[in-house]
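Comments concern the structure below.
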Amino acid sequence: MTKKNKKKSTTKKSVKAVAPKKVRIGVVDTMFARYDMGQAARDELATCPGYGSRFKVIARTVPGFKDLAVAALNMIREDGCDIVVALGMPGSAPIDKQCAHEAAQGIMQAQLLTATPILEVFVHEDEASDPKVLASVFENRSRKHARNAYWMLFEPEQLSRRAGQGIRQGFDDAGPLQLK
Amino acid sequence: MTKKNKKKSTTKKSVKAVAPKKVRIGVVDTMFARYDMGQAARDELATCPGYGSRFKVIARTVPGFKDLAVAALNMIREDGCDIVVALGMPGSAPIDKQCAHEAAQGIMQAQLLTATPILEVFVHEDEASDPKVLASVFENRSRKHARNAYWMLFEPEQLSRRAGQGIRQGFDDAGPLQLK
Amino acid sequence: MTKKNKKKSTTKKSVKAVAPKKVRIGVVDTMFARYDMGQAARDELATCPGYGSRFKVIARTVPGFKDLAVAALNMIREDGCDIVVALGMPGSAPIDKQCAHEAAQGIMQAQLLTATPILEVFVHEDEASDPKVLASVFENRSRKHARNAYWMLFEPEQLSRRAGQGIRQGFDDAGPLQLK
Amino acid sequence: MTKKNKKKSTTKKSVKAVAPKKVRIGVVDTMFARYDMGQAARDELATCPGYGSRFKVIARTVPGFKDLAVAALNMIREDGCDIVVALGMPGSAPIDKQCAHEAAQGIMQAQLLTATPILEVFVHEDEASDPKVLASVFENRSRKHARNAYWMLFEPEQLSRRAGQGIRQGFDDAGPLQLK
Amino acid sequence: MTKKNKKKSTTKKSVKAVAPKKVRIGVVDTMFARYDMGQAARDELATCPGYGSRFKVIARTVPGFKDLAVAALNMIREDGCDIVVALGMPGSAPIDKQCAHEAAQGIMQAQLLTATPILEVFVHEDEASDPKVLASVFENRSRKHARNAYWMLFEPEQLSRRAGQGIRQGFDDAGPLQLK
C-alpha cells in the first residue's frame, strides 16, 4: 500500500465521498544521455498493473544529470509524486565521474529531504564499448528500475522475496553465495 | 534504557494505565547483495533477551544499497523504529566504491536528520576471494551488528566495557595496543 | 509556465488588478575565471523572447567558484530569482579539482534548500590546451546553459524533445545510440 | 564564558535563586579503536580546573567511528553537552580511509546542526608502525584535544595566544614560519 | 550596501532615532596553521575605509581547520557577523587533503545554513617549498581575501568590474583569455 493511501486511511477513515488520489510515479531524464532512458522507463510502467487507473506517470526532462536532484524534489513536492525514477548517463572522463558523484549525492539528499524514494538510474558511458551492448544496458536498466519503483509502491513482497539474491539491473543477476 | 522509555518517564511520570510502547528494531536489506544479510540479522535478534516482548523487529527490503538511507529514515519516522540495522553489499569495481560512499553518506545524514542510530553494515564483495569465507563474513558481520543494535538500546554497558579493545565484526578482533 | 506564475494562478485565480511579477533569471560569475562567462550568459539571455518584458536578468560577481553557492542561494531568497546560472572556472591542479567538487556540492545543496534550479556552468582550465579553443568553450557553454535556463522556465518542451539525444554544451553534441 | 552561561545572563539577568547549570563536556569513543582513547581524554579533563564543580564529563561508547556523529548529536541535544570530544581510530586499508571520510563528514554536519563544537580526534592506524609509538600518539592526541575542549569553553585566550603557531596534537609542534 | 542595512531600510524606513548597527566582519583562524593568518587579515581590514566606524572586526581562534565551520556559523548567528573570513593551513600528507576537503565542505554548509558568505582562505603547506615564499603566500592570500570580504559588503562593483579577469590571491593574477 502506498504512503498516500496509508495516510488517508489513518486520518480520514471511511470518508467514502472523496475519490482516492491517484498514485503518481515521476520519471525524469536528461538531454545529455545518449539513449532515451525516460521512454524505456515509461514503456515499462505502461505494462504494470493499474497503469492509468491506480497510478499515473509524470514525466520531465532536464539538461544534464546534475539537474535531476532538484527536479525530482520538485516533482515530489509540487507535482505530488510518490516515487521518482531519475535517469542519467555519466560520461567516461575522470571529471565525469566526479560530476556523477555530485549528482548522486544530490539525489540522495533530495530523498532524505522529501522522505521519498528517488531511484537513481545511471548508466556510465564506459560500461560497455560496443554501442549496441551499451544501448541494451540503457534499455534494460531503465526498465528494471521502473519496475522496482512500481514494486516499491504496490508489491513490496516482490522485493523481500528477492532479498540477498544478487539481483542486477542492466546485466545478468549475480546470484547468491552459500555459507556451506 | 531506550530513548522512547526515557521520554515517557520524563513527560508522563507514573501514568500507569498506558502500556509501554514496545521498542522497535528495524532491519533493512537489499535484493542486490549476494547473501541474505537481513535473515542473519533477524536470526541474531531472535536470540536476544526480550525478543517479541520488550522489542520487536520491523523488516524491509529495497533494490540496492543506495535505497537504504531513505528506507531507514522512513522506518524511523513512520514505523517508529528506535534503531535500524542497514545491510548492503558494495561490488568490487571502482564505481561500486563510489556508490558505496554515496550510500554511506546517505545513511549518515539519515541518522542526523532523525537523531537516531542507523548501523551501516556493508560487506564489500572483494573482502575475501573465497565465496565460503565471504559468506561467513556476511553472516558474522550481520549478526554482530544486530547484537550491537540490541546492546545500544538495552545494554550500553556492554559497549563501554569494550571501549578501545579493537573489536571487529566479520573478522577476528584486532585487540588493544599497550602504551608501555 | 514558471513556478511563480503557476503559484499565482493557483492561489489568486483571476485577481486581474495585480500586475504579474516579472520572472527573474540570476547570473552569477567570478573574478577568478579567465573569461567573462557572465557576459556571455547575459548576451544569450538578451536574445531570448521576452527579455526585459517577461523576464529580467539579475547579475552578481563573487571572488571565486566556492562563493557561487551562497550567492546563488541569496539571489533566489532575497532577489527573487526563479533560476540561477552559476558560472566558474576550476584550475588544472589536483587541489583545484577538489575545490571544484566542493563548489559543485554547495551549488547542489543550494538548489535543494531553495527547491530552485541553479545551473552549474563550469569550464575546467584543462579542457583545451589552445587558449582560443578554450575561450570558445567558455563562450559556447555559458551561452548554451543560459539558453537552457530560459527553456526550463518558458519552453520546457524544448528539453523533452531532446531527451536522450546526447546534447552537449561547449563541444559538439555526442548524439544518440541505437538499440538495433 | 560558555554559551550556556552567556544565554542565562542575557535572558535571566540577576535571578540569583537558580543555581547555574553545570557545564557538560561529552566524551564519546568506540569499541573498534585499539586504544582506550576515551579514558585518556577523561583523565586529562580530570586535571583541568573546575572538574566536577564548574563542569562535569558525560561518557559514552559506540561500536565504530561511523556511530560517533549521531551519538555526539544526541549527547548535545539530549544530555545537554556544551562540547563533545569524539574519538576514533580509522584502519589502514583504502576502504577504511573512505569510511573515515564519511565518519568525519557526519561529525562536521552534527556540529552545524547543533551549532556546537565536536572535536574530531582520529588516530589513523598507519600513523606509526611501532605499536608503542602509536599508543603514545593515541594517548597524547586524546589528551591534547580534551584540553582544547576545556580551553574552548573556559579559556579561549589560550587558543588565540597560539594562533598560527603550528600547534600539533599527537606529535611535536611544527612551529611558525617567518615572512622575512 | 550590506544585507543588514538593506533590511533596515526596507522594514524600518526613516526611523532615525535608532543608531545603525555597525557591520561586523568575522575573522577566525587556527592554532594549527604555521602563519598568523588572522593577524594578516585583521591588518588588511584595518586599512579599509570605515574600519572602526562603519564596520568592526570580531576575531576568534580554534584548534584546527575542521573547527572553523561551526565557529564561523556561531560568529554569524551569535555574534552577528555579516561575513566571515575563515583561515587555515592544510598539511601536505594525503590524509591532510582529505581533512581539508571535510573542513571545506563544512564551511560550504555553514554558508548555506546561515545564508551568509564565509570566505574559505586555505594555504596548503605544499604550495611552495621555500618557507619564505610560503610565508608570503600566507600573508598575501589572507590580506586579499580580507579585502574581498570588505568589497562584498561595501563595494560590490569592485568585484563585478573584475569579472572573468583571472584574479588570484596568493600568487600573480592569471589574466583573461581572448576569444579571437
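Observations
Labels for the chains are A, B, C, D and E, by order of writing; each one numbers its residues from 1.
Quick note on the criterion: a residue touches a chain if its C-beta (ideal position, glycine included) is under 8 Å from a C-beta of that chain, and two chains touch if they have at least 3 such contacts.
Treat the numbers as computed from the prediction; the structure is a model and nothing was measured.
Touching chain A and chain C together: no chain. Taken together, chain A and chain E share the touching chains C.
Different-residue interface: chain B and chain D share under half of the residue numbers found at their contact. Averaged C-alpha coordinates put the centre of chain C at 26 Å from the centre of chain E.
Between chain A and chain D the centroid-to-centroid distance comes to 41 Å (mean Cα coordinates, whole Å). In chain C, 101, 105, 109 are the positions where the chain touches two or more neighbouring chains simultaneously.
Touching chains close into a ring; read starting at chain D and passing to chain E, it gives D, E, C, A, B. Every residue of chain D that touches chain B in the complex is listed here, in rising order: 29-39, 59-63, 66-67, 69-71, 73-74, 77-78, 95, 98-99, 101-103, 105-106, 109-110, 113, 131-132, 134-136, 138-139. In the complex of the two chains, the chain A residues touching chain B come out as 3, 97, 100-101, 104-105, 108-109, 111-112, 115-120, 124, 145, 148, 152, 156, 159-160, 162-169, 174-180.
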